[in-house]
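Handing you this structure, nothing more for now.
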Amino acid sequence: MAELLICGGDVVFADRVEKADILVAGGKIAKIGKNLRAEGAEKIDAKGKTVFPGLIDMHVHLREPGFEYKEDIASGSAAAVAGGFTQICCMPNTDPVCDNAAVVGYIAARAKQTGLCKVHPIGAITKGEKGETLAEMGKMKEAGAVAVSDDGKPVMNARIMRLAMEYASDFGLICLSHCEDKDLVDGGVVNEGYNSTLAGLKGIPRAAEEIMLSREIILAETLNKRVHICHVSTKGGVQLLREAKARGVRVTAETCPHYFTLTDDVITSFDANTKVNPPIREAEDVEAIKAGLKDGTLDCIVTDHAPHHEDEKNVEYNLAAFGISGIETSFPLSYTYLVRGGVMGLCELAEKMSAAPARILSLEGGRIAEGETADLMIADLNEKFTIDSNKFVSKGKNTPFDGMQVYGKVCCTIVDGEVKFRA
Amino acid sequence: MDKGRILMDGAAIGRTLTRLSHEVVEKNKGTDGMCLFGVKRRGEIVARRIAALIGKSYGVQIPVEGIDIGMYRDDLVSGYFVPEASVNRPPFSVDGKNVVLCDDVLHTGRTVRAAIEAIFDLGRPACVRLLVLVDRGGREMPVCADFVGKNIPASSDEIIDVKLAEIEGEDSLAIRRIQKS
Amino acid sequence: MLGKDLLGLYETSAEDITLILDTAVGMKKLLTQNLKKLPHLQGRTVTTLFYENSTRTRCSFELAAKYLGAGTVNISASSSSVQKGETLIDTGRTLDAMKNDVIVIRHPMGGAPRLLAKNVRASVINGGDGMNEHPTQALLDFYTMREKFGSFRGLKVAILGDIKHSRVAKSNLFGLTKLGAEVTMYSPATLMPQGIERMGAKIASSREEALRGANVVMGLRIQLERMHGGLFPSLSEYDKFYGVSKEHLKFADKDCIVMHPGPVNRGVEFTSDVIDGANSLINEQVLNGVAVRMALLFLLCKNKQGGNENNG
């Protein structure tokens, strides 16, 4: 029996945007066409609105278990559907670290209990994210892990990373690498450059990111294994990836909205909500990130949603926690800056925010087609609104975008054919 | 500009200062234990003239010194300014002395109050007497001069101009109205 | 016009800097004549909140406050308590509740005074924050330069030493460029921060080039921990290639003045014959520091009085 009928929306397909009705039944997209009718189905009027495949964020921090005061699986899932996301992948830097099947299973179970969006756990590469010995990737995969990463901490030892790439591939898992040479970072808190000198805050050189990024490319190339680069923020990083991809290296990469919307001018206010790792860079990096998204060097957009408690941000800049609560601002920022900004069209945006992550992690969804799972998002692209962190569903109100005017309001999020969010 | 009405010329001022010098000695019952302070900078000139006149008449050198009241003004905080001031370091002690404080014009009495505070910062005199060339009235403090050269009751829109040879090249005393804009 | 706080010279106008220096002239006159007690801050409280060791800055502020009649309270917190103890905002609120009027803060982290200022009613003066700014040190440097040269226009100022970690260098640079002076900097490449040219500094390629024709030669303290951090190999190597001796001073203008925010490492930044030489105004700087801080406290409190009629 038909459950939902989405009428009159502009539907974003992989290759075109077209006005169409979508009939949802049994959690799947049953039919796409004009003037569809369905007895007894709940009707959603999408006239003047745009229907996207449900967004997929392959890089979020849900903080549970261990840091529930920042966020938990329930609040993070609620924030995700409010942001238009139907699937999210959560990083393992919890307490205890998600480095074993038990924690992976716990997260999966809690997500199911919450029943909002689909939550896919990412297991740690090394036990305790210490960078020393490999975590039980096979068992974690069985329990539901979709990838491995020591995100938040780099795997400093190249030999361990090499072993991780090799071993993970046995289980069809991909390593997501947080690239950061800790020696070069040396306690830095912002991008090294004019503004770090101006503010007198210790800088993080781009080289810290790019050196490890090169290492991952070299390892992936030598071993002929896949690797995925997390949150690319620099011009040099984009260039390294572009060259590697041209050579056929099996590397994919992501970036986040704050790397293509902000320059490090914002740090001179000393507002700790601008503190994020990698740091917000300069104008030429922003341009390079956009170019990388446009030419496919950067495969996808993630949020690196990193909620923190207010007390962890309302302190001296050096002492503040790194991270931005981004899952509820990702779509409007990406739409405003990339589509309205003339970098890409709606199909490409859907590719970056849904199809590509699904492909990289072999997840369902990511596109609107008959027979496909009914993960959908409806947005009003013409509605201009002001970002207000007080209205965030997430526990984390830490955003540098407060007060910014954007377009693209998420109106409705449908997961497996069920409406999970309505604005 | 209105140059005002001359009330005393140089000769008249000279006669008045001579009278005042005698009155000071008379009141002091001689010149013993006496010292003079003049409020900087016109009062100091008056004080030095009086001291010179006493010296001439009585053949004694009366200790005389100018006193800077900049740091003792009562409007420093309300007016919020940094005073031009110098330190008061007279070459003689004021302890137990009969101090004659000299100024050119006595008006509100605020300057005198400040000067008394300044003197007491230097020590504890036996008494402080006040000598002024002109008392124009208009007191805001309970202050009364012991020796007055001339009483010139003046209204608040009048100004007493005192010229002294050491500064302006001639002695004179005039009264004029404040120009209304 | 000067606001509630003085957090840095980057955001302070040339007019305000000049106002502070002009006011300090009167203060110095009073100081040199030993007429120190002014009544302007009577009944007010100035607290020095120092999360880093300092003798001269704190002492200078404390005396300046006392000379203006204020009560002073000194709070020393170790650097480690920044991370473990009460949060800065809570400390500030406590001081506010005790009706403090001015808080002078020194903190190892850039931006801390701004965070404090945002959260307290009291005026906040930055007494040095991390690698960010040290505005009162720069103001006293400006006072010293102006007293000697009368004006800043075309004045050549050479700053040598650890520029990267120096809040003094930056506050000087921000102020001096606004006032019309030329600033040239020289240091080992490891101690030179990025982007400083865009802030108006000229980077010299040699010690001699930095010093050539300089009217002001300013040395910055080299901290031993920088050497331990590997930023330069040894003090003697630093002295040999980056330090300034009497011989090097010959490249500078013959009437140049030698300045240093102190404390000086003799034989590292400057040789003793430079520190104690005829061109050195290092001790004069200390006196000027009290005058400038008096002027600043005076002006900030005057501002706060809010439109008090000036009948002086």
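Some observations on this one:
Each chain gets a letter, A, B and C, in the order it is written, and its residues are counted from 1.
One rule holds in what follows: contacts are C-beta pairs under 8 Å (C-beta built on N, C-alpha and C of every residue); 3 or more make two chains touch, one makes a residue touch a chain.
Just so it is clear, the model here is predicted, and its values are computed rather than measured.
In this assembly, the chain whose C-alpha centre lies farthest from subunit B is A. Centrality annotation: C (chain centre taken as mean Cα position, compared with the mean over all protein Cα atoms).
Taking the mean of the C-alpha atoms as each chain's centre, subunit B and subunit C sit 45 Å apart. For the pair subunit A and subunit B, the distance between C-alpha centroids works out to 85 Å.
Across the complex, subunit C is touched by residues 192-203, 270, 311, 314-319 of subunit A. Those residues of subunit C lying in contact with subunit B across their complex are 23, 26-27, 29-30, 33-35, 37-40, 42, 298, 302, 305, 308-312. In the complex of the two chains, the subunit C residues touching subunit A come out as 10, 82-83, 87-89, 107, 109-112, 114-115, 129-133, 167, 170, 193-196, 198-199. Remark: subunit B residues 71, 75-87 touch subunit C in the complex.
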